[in-house]
Amino acid sequence: MIKFRNDYSEGTHPSILNKILETNLIQTVGYGEDEYCETARHKIKTHLKCDAAAVHFFVGGTATNLTSLSAFLRPHESILAPDTAHICLHETGAIEATGHSIIGVPNAAGKISPEQIELAINNHLPTHMTKIRIVYISNSTEYGSIYTKAELYSLRDACKKHNLLLYLDGARLGVALTCDKNDLDITDICNCVDAFYIGGTKNGALFGEALVIVNPSLQSDFKYFIKQKGALLAKGRLLGIQFLALFEDNLYYKLAKHANDMAKIISHNIEKLGFKLFISTETNQIFVILSLAQHNQLSQHIDYEIWEPYDEQHIVIRFVTSWATTADMVDTLAGHMGELLL
Amino acid sequence: MIKFRNDYSEGTHPSILNKILETNLIQTVGYGEDEYCETARHKIKTHLKCDAAAVHFFVGGTATNLTSLSAFLRPHESILAPDTAHICLHETGAIEATGHSIIGVPNAAGKISPEQIELAINNHLPTHMTKIRIVYISNSTEYGSIYTKAELYSLRDACKKHNLLLYLDGARLGVALTCDKNDLDITDICNCVDAFYIGGTKNGALFGEALVIVNPSLQSDFKYFIKQKGALLAKGRLLGIQFLALFEDNLYYKLAKHANDMAKIISHNIEKLGFKLFISTETNQIFVILSLAQHNQLSQHIDYEIWEPYDEQHIVIRFVTSWATTADMVDTLAGHMGELLL
Amino acid sequence: MIKFRNDYSEGTHPSILNKILETNLIQTVGYGEDEYCETARHKIKTHLKCDAAAVHFFVGGTATNLTSLSAFLRPHESILAPDTAHICLHETGAIEATGHSIIGVPNAAGKISPEQIELAINNHLPTHMTKIRIVYISNSTEYGSIYTKAELYSLRDACKKHNLLLYLDGARLGVALTCDKNDLDITDICNCVDAFYIGGTKNGALFGEALVIVNPSLQSDFKYFIKQKGALLAKGRLLGIQFLALFEDNLYYKLAKHANDMAKIISHNIEKLGFKLFISTETNQIFVILSLAQHNQLSQHIDYEIWEPYDEQHIVIRFVTSWATTADMVDTLAGHMGELLL
Amino acid sequence: MIKFRNDYSEGTHPSILNKILETNLIQTVGYGEDEYCETARHKIKTHLKCDAAAVHFFVGGTATNLTSLSAFLRPHESILAPDTAHICLHETGAIEATGHSIIGVPNAAGKISPEQIELAINNHLPTHMTKIRIVYISNSTEYGSIYTKAELYSLRDACKKHNLLLYLDGARLGVALTCDKNDLDITDICNCVDAFYIGGTKNGALFGEALVIVNPSLQSDFKYFIKQKGALLAKGRLLGIQFLALFEDNLYYKLAKHANDMAKIISHNIEKLGFKLFISTETNQIFVILSLAQHNQLSQHIDYEIWEPYDEQHIVIRFVTSWATTADMVDTLAGHMGELLL
């Protein structure tokens, strides 16, 4: 059955796999101290035009979030996030397990506004409440939407005003930076946030995320935290090799662009057929409203995720495209969607 | 420079890499719910002749230890371990970071005895001290030594007597079970411990450890813990695929046996040349006493780890062999060692 | 300036202070193992008609909550609570600091309903979300409201249905059980909850709360947790002595009843003067809507707490009465409130 | 039975109890923001000649240690302490429960030396081991011994050299500063340590410890931590009132001096009778070696603590004196000890 369940259904892009193959028997030191990691870190910093950044590789997103956020916070400090944030909903309380509270505020299509930051800070009393210290955002968000340049800079200003750190979860950063609506350059992100990560797992890597700590005051001793959280890969070379491949010939952006292109076609097909999108498609996630009967029929042919209830008779489902989605798969989906209307 | 620094200097055994290659574009669900993982779990349980066990895959050893040990303990419970245990010394306080104390007792060649368990329990007072609940051992140990069948069963008995759980860190289980001195079968381990892991990273895998929870009372809800600790691999298939390969045609044991064979030759060469071993070589770790001058010379040709000071003029160094160690590398090492004596 | 800021502005009721005085030079063992504590625990269990309960004394409410809730939970389990719950808002993330998430649901006058429990459980997916295990309620609530017998029993049923524990924060249990609207007996509470505490600090004690663990499966090893959290009082006798006094001659209930009586008069006065209550007064907390100008004037004479904004021109303030509130203080308040209308 | 079990067997010194009595019905704000606390903090800082210090009151020692040490550390940082330290042995893993490791080193009569600090730092490798950040000492120690001026200043120098914080647990600071051997002034302590606490519970208070944070860089946001750990007393006034009394007319030192005087007599009597001290008596703790038969007889008349085994036929027991120990009690003890020899 064709899967549109997520953007990590396949292994990895062939260019990456080849690089792993070629280097397989070369001996290196462990724990990310090898030459591949060294070069990859350098390459990323050059790409970001941010030599002062520190780059650390992780195997997955939850480990990246929990390691870095808990490293940046003192025990009494907390995180402000939209209530749809991955750390709020889908990481099994990983942040709280490190001792920190997350204060969820109502999202607008997965996003948070400077006004909400202002309000939260003003309502938060000292001593008997935690001290809000980090604002967490995702780009693209859990609803596939993105932050515009104006929005990101205004979040930065709100954070600076209240001495807050801004952290961007870039599990799906590739699709955010390559979608039609985007006006952000990756260097804008360095200008605005204190730390973010460049997601590899959901953009063609076998696995891997590159955490970029822009703010120098957050960089010291960071490898201790990675080791302590069990997130320091023995054969760290695997992460360096993959990110080398991703940042050669713009591969990172090409893969993301392809996912967006496929999503645009699917989204267009769906609307043309007369189905209603739950939220307009900006990147590689497509949220569609189906009746329960339609869902029962379609799920016999296509694998996708049920997102949330819509009303008594309808639900919201999600399709996700990736670097590996083919035109054929897109057509097949359109065919099955069309049959729902017969 | 040839590396005898550890057993994870290379990528992975070709059989494993091939399986990753072959399956690369097949779509699967994530988080270890795929067919490869399912089959690998089944294969391992069959191999262990322990259908009641639960098998979970992890990317690395520290994550395996911290996730499982903290899942098995209530907040006031602690772990008894030899003071050379990996969790005591080389995991950056990962266990304590989950809120639990480790009580280190003097090791004998990396091992702990039933008498030490008895003594620790008797000296540990209620309420104002933690409650010892788990005994942690490694096989092979951090000094390369192994537990005999008699030793393991007597540890089991001591644990049962005091209602303690026995946990075995099997990062280097392969070399333990294939060395000359060994009289343990892997099914003995299932008979003796409550949980253990079969280490892949240090035995030919690209990465990966298979945690086996033998005791049914420790199995419930376990996937929550993996996710909460950031240790649930999105493309979990990679772990299933690798363990499938490792448990085909006895590959797991063959790779370990090779490492032991190479270590035996190195160890023999060293003694023949007149150097003193710090501890007799049982598996793939060789601890040698060198003078500082010898170390200065040798380290220009060979990469290895300085283990600990010996006396004012000498240090202990460590060589580690692996599935990828060649006869050539062994000869080269012998040559350079010989030159130290000229 | 007269204080209606809270119910712990004074020291302690003279009967309690006398008992401390009388016993001052008697030698006892420490840590709550003394005879006063022993007798007090027995007295409480007799009063509760629940011999199977375990009673533990704490100095304050936050320590009681964080120690017991974290002792009852496994690492992946979380707490469901109304969003006004003390643990959500006013304990500086104390629960999250022990590693557990709190899931806040919209409150109705500080309360939660069985339907909300049902909904939360149904929307909570396994593995990637925490496992809800405890429902936390307060009686009286943070808005001074109380649970009726029917409400409490229906919460119990909802919890039992989903294998949830029910925990009742009784910081203000006295006023709940002695107010006009109440139809609960303290034995009903034992029938319904797995654990609760009888608040002393806010009901005439110098300090102290008596945690009652009704559910036997939650009782084992509990003193370890108290010590580990730094909450085991060396001179534990002080807690035993106070609870002995509180449960002699119904003192606990008499003090609470007095606070309620004073609150009823204040509430009546306020409404008679034409001010609007923010929420109807059920126990010893009175929430009043004042204009900003009225607040500016009144706060020059009376000390009270600003609770929350009401609209652009108004705020909600809170008066709290206690065992020590006198008729004179009540009259003085009425006088100053009257002047606001001139 | 007369108790020499510890220095907190009685209530509190009458001067303190009177102050609690006198102020009982005065209304104050909560949480240590009242006038008594304010004045007591000022009084202590004046006494210390250290206006830049921050003073916070706690109910007990374990809460003081765990709150302050965890507030001072980042997650990867650990504590070096003698292996007899209270935090190592008798606080039920309270420090580890906040996520931090303690590295215990062999004690010399309860003390640690600069050489041991040097050695520990040199043997501690980065990234895979925690980062040692705090050295914890007690004065007087758990064996009743004290640090001399020369010793304390040399510890300070060792800490400064390695960028370590020095923390002094002053649960029994009074007896340390008033014993015959002492050459330290409390202002020396301010010169040497980053934080310490002045113990009240074991020196005549009903309860209470005064944490003094000397190092300004450790002072920010500290009240958040107290609240988060459940250690912020609602009626904080009780702590202010007690420390006001303790620092009036040198009461703190007088009470401690009395305990030392009584211990000196007991110690003298014991040696005169021919018993062997396990460790020479410097303050109010007396460690005596008794045969098992002697212990069996004596424990029928006197309540004391069994400290540790000595050999097959002997054990070490401990007597503790306090502000409340009378000459009569001392005589009675001597009488019973004498009978052991008949």
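For reference, chains read A, B, C and D in written order, and residue numbers begin at 1 within each chain.
Note that contacts are C-beta pairs under 8 Å (C-beta built on N, C-alpha and C of every residue); 3 or more make two chains touch, one makes a residue touch a chain.
Here the structure is a predicted model, which means the values were calculated and not measured.
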item: Chain whose average C-alpha position is farthest from subunit A's own; value: D
item: Between subunit A and its twin subunit C, rotation from the CA superposition, multiple of 5 degrees; value: 180
item: Between subunit C and subunit A, distance of the C-alpha-averaged centres to the nearest whole Å; value: 42
item: Approximate Å spacing (C-alpha centroids) for the pair subunit A, subunit D; value: 50
item: Distance from the mean Cα position of subunit D to that of subunit C, given in whole angstrom; value: 34
item: Touching two or more other chains - residue numbers and ranges from subunit D; value: 75-76, 91-93, 97-99, 127-128, 130, 224, 227-228, 232
item: Residue ranges of subunit B in contact with subunit D within the complex; value: 75-76, 78, 89-93, 96-101, 127-130
item: Residue ranges of subunit D in contact with subunit C within the complex; value: 2-3, 5-6, 8-12, 14, 17, 20-21, 23-30, 59-67, 91-94, 97, 201-202, 206-207, 224, 227-235, 237-238, 303, 324
item: Parts of subunit A lying in touch with subunit D, wherever the complex brings them together; value: 31, 70-71, 74-76, 98-99, 126-128, 130-131, 221, 223-225, 227-228, 232
